[in-house]
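Once you've had a glance at the structure underneath, I'll fire off some questions.
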Amino acid sequence: MIEMIDVWKTYPNGVMALNGIDVYIDKGEFVYVVGPSGAGKSTFVKCMYREEKPTKGTIMINGTNLSKIKERQIPKLRRKIGVVFQDFKLLPKLTVYENVAFALEVIEESPKAIRQRVMEVLDLVHLKNKARFFPDELSGGEQQRVSIARSIVNTPPVVIADEPTGNLDPETAWGIMDIFQEINSRGTTVVMATHNKEIVNTFKKRVIAIEGGRIVRDEQKGDYGYED
Amino acid sequence: MKIRTLKRHGAEAFKSLGRNGWMTFASISAVTVTLLLVGVFLTVLLNLNNLAHHIENDVEIRAYIDRTAKQDNVDQLRAQIEQIPKVKEVTFLTKEEGLKQLIKDLGDQGKAFSSLEKENPLRDAYIIKTKRPQDTVIVAKEVEKLNYVKNVNYGKGTVEKLFKVTKVSRNIGMVLILGLIFTAMFLIANTIKLTIISRRREIEIMKLVGATNGFIRWPFFIEGFALGVFGAVIPVLVIVFGYQFVYDSVSPKLATMFIKLIPTYPLVLELSLLLILIGGVIGVWGSLTSVRKFLKV
Amino acid sequence: MIEMIDVWKTYPNGVMALNGIDVYIDKGEFVYVVGPSGAGKSTFVKCMYREEKPTKGTIMINGTNLSKIKERQIPKLRRKIGVVFQDFKLLPKLTVYENVAFALEVIEESPKAIRQRVMEVLDLVHLKNKARFFPDELSGGEQQRVSIARSIVNTPPVVIADEPTGNLDPETAWGIMDIFQEINSRGTTVVMATHNKEIVNTFKKRVIAIEGGRIVRDEQKGDYGYED
Amino acid sequence: MKIRTLKRHGAEAFKSLGRNGWMTFASISAVTVTLLLVGVFLTVLLNLNNLAHHIENDVEIRAYIDRTAKQDNVDQLRAQIEQIPKVKEVTFLTKEEGLKQLIKDLGDQGKAFSSLEKENPLRDAYIIKTKRPQDTVIVAKEVEKLNYVKNVNYGKGTVEKLFKVTKVSRNIGMVLILGLIFTAMFLIANTIKLTIISRRREIEIMKLVGATNGFIRWPFFIEGFALGVFGAVIPVLVIVFGYQFVYDSVSPKLATMFIKLIPTYPLVLELSLLLILIGGVIGVWGSLTSVRKFLKV
């Protein structure tokens, strides 16, 4: 499903964020990406949906080589990957409803289907009653949940979540984890960068630990590690 | 693209215009002011051009007829002159009338010549108008060669100078108009560019969520067009009603100075169309070129 | 130090975020503000430094009544309160160094003192080597630490931190807590809205729990609560 | 405010100009284009005004002297005319020269009058120039009352018409210049407004971190000024060198048409100052008014 072969990423300012990543994530897997602040977790997942291009190395998504893909093909790729961005990336001039609907509009769904599906997903993240609000009228956690709703609304085969519970209280975070487990059990591949030790240690899954741009640990049913 | 998607783009464009209230207002008003400037200057310059045209049209050739010519010869001469392709109109002027005109033209000074009426030193003449004023000199030379033409008078020197002046003025006018229109286009495109630069992040997010370039471009296309056309509304109204008003109130006064304004129709229609066209086309152009810059995500 | 008497806040869109808050926080206290997402924690702290004006009620900071304060006095108030914003609020066109220095420039410190103090604080949050980077060249956690550095750089008598560890791995979060405890021990009042159960339960302090815009619990040396 | 803070504001302003590269470029180029337009149109309109002035200055009064007047009377008349305060210059024109001029002015047509040279129907005359061309009519009337003045000729009717035309043209010109300058001011202020709207969030953050309004305003003040002044650089260069070039290359040609351009200096200096002034003042004004909107946090 997702394969990285000797991937390196150096940002224009000289920061070496990824230093030779080799990883294979199978269809239907649930993977935590953990590691200290600035380790390269976000860079790692950004390469998967081509927000960042690696400086060197090969990335294969579903059999397509990302470095050989045509510019025109990128939107198609991204529609197959739902992303919860670390900084949410909501469209400020669109309401909660419109932000989530946007991911369905780009695939030219019928307005009726859009309406039904969006309300369904907003209900899942408990934001049905805030559908008409604008992002800057929401609390931090509410914005994060909108981003989560948008990432799953078009039922993509892959969901990448970068720190999706950072602004959520434990109870709400738990609810979100239920959603991710649910879609994972239906076959969706989930890649989740997180700092939430409790979640990682409770819902045991594969754990990839990154430090200084290198994978330092990769274990099935691992735990968060970094004991203090 | 599905029809419903096109509808969606339209709705999106107008929603965005509404929600970017301040920006929309600022850019529409910039377009308005720019087009207003273009409209007003264009009207003035076109009228000056028209004025130059009228002055040029006052130029005429006088072919003085030999005193020895019989009525037959005179008629024949008229036929010959009328055969020259560049000639538009030929009229006969008796020497008596000619002297009267001269005395009148000279004003007070002319009174000194009143005594001459008995022994008129002038000749009968044909007054010739050419189709294009610029052909005056050529036609004059052709007429000069005809039989029974004693001499030809077309304000030699003055006429050449006049045409030189009008030509220079026209060239300056053209340069100013073109400069003005290009400036306007640049300013409109630039304004729209500024509004879109500030939405760069939005465009990037859309791309990251899977929108194609076309999908993102459409609402901006419509928005740019709407900004341009909305910006043209006030200038068009000002031109249509303003010119009508000026024409009605000023042209009687100007008529006493033999200055004629260009009639309201179709001038204002043409100008209005031009303004709407500039607004719409440049709106779209400015919008699309600036969106393109941010689509590479 | 900080006193709220019957404070209500209704946002222009009709959301009632605070519904009668009465609280007194003494000089030198360390207070956690906890509660579910959207409970009103951020609104509660925003009222303290006047990012939001309450619809009703009185807020006293250090003896000054915020509803009677003149527009011109607000900057002076804010300089006495260091804030870690939930969304960081870094100036995008300034480098890390310049962002932190800004809080000292507004009080017209000497350039030399600024340089020394800023580097000192950046060292505390382990960002000394990223001083010349722009915010969008930083990872989420690094941005959060810049915001933390800026809040404490001018050693204000009060520090308000809204979810200051949301994007930090546990180890780094621990380090930040050490900083907050350290300044608190030197007399700084600290108010910290957080979802981090582990932190609240480890470093026992006063806990104020907000739900639906009301204080539902207020206990010294409390714990996070909300057991699942 | 401490000196070092002022320094800091200056440094901050230029840093911001550099870091907002695209925006800075877009707004400077908008200012540039706008001021270029103002500069060019202003130059043309000022030259047209100058031309009108020259045409007006060609107006003169001819006072024909009674044939019965002795040399004494003629000299006395000159003294009397010169005493009229509005008169600038008086010259004597013999009737022989007068006829020659007339024949020359009439061109070909005048040849018919060559025979008159022996029995000249004209009179000796004084040619009078007034200090202000507009006083022609008044002076003419005064001169008419003097002894030994047979009649007075100043192109009655034509002169009034000429002054009417130049007055109308001047008014139109004034309206166009003012309209142009106001448009330019609006466009410059608007452009700067657009760049600042997109920095609204930055201003809000600064306020939340404890900056006073003044502290935030200073760098914007300097930035607005710099944008305006930088935007004036190219227009000033174009005006200075462009006008010098046009003047050198075109004015010999125009001289044959009796059209005179305004000399390069001090015209270009004045225009340059005006452009820099508009740029700087409006830059500051646009910047400060738009910052103010976002300071209420």
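Think of it as A, B, C and D in the order they're written, each chain with its own count starting at 1.
By our rule, a residue touches a chain if its C-beta (ideal position, glycine included) is under 8 Å from a C-beta of that chain, and two chains touch if they have at least 3 such contacts.
The model shown is predicted, which means the values in this text are computed figures rather than measured ones.
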| item | value |
| --- | --- |
| Least hop count linking subunit A to subunit C through chains in contact | 1 |
| Mutual neighbours - chains that touch subunit A and subunit D alike | B, C |
| Most distant chain from subunit B, judged by the mean position of its C-alpha atoms | C |
| Averaged-CA centre spacing for the pair subunit D and subunit C, given as whole angstrom | 62 |
| Distance between chain centroids, defined by C-alpha means - subunit B, subunit D (Å) | 24 |
| Whole-Å gap separating subunit B and subunit C, where each centre is the average of the chain's CA atoms | 66 |
| Residues of subunit A whose C-beta touches two or more other chains | none |
| Chain contact topology (line, ring, star, complete or other) | ring |
| All chain pairs that touch each other | A-B, A-C, B-D, C-D |
| Residue numbers on subunit C that touch subunit A, as the complex places them | 11, 13, 15, 34-38, 41-42, 86-87, 133, 137-142, 145, 162-163, 166-174, 195, 197-198, 224, 226, 228 |
| Subunit A-touching residues of subunit B, taken from the complex the two chains share | 1-2, 4-5, 8, 16, 19-20, 202, 205-213, 215, 297 |
| Touching residues on subunit B, where the partner in the complex is subunit D | 22-23, 26-27, 29-30, 33-34, 36-37, 40-41, 44, 62, 102, 107-109, 112-113, 115, 121-122, 151-153, 155-158, 161, 164-165, 168, 172, 176, 179-180, 183, 186-187, 190-191, 193-195, 197-198, 254, 256-257, 259 |
| In the complex, subunit C residues that touch subunit D | 49, 51, 72, 74-76, 78-79, 83, 85, 89-93, 102-103, 105-108, 110-111, 150 |
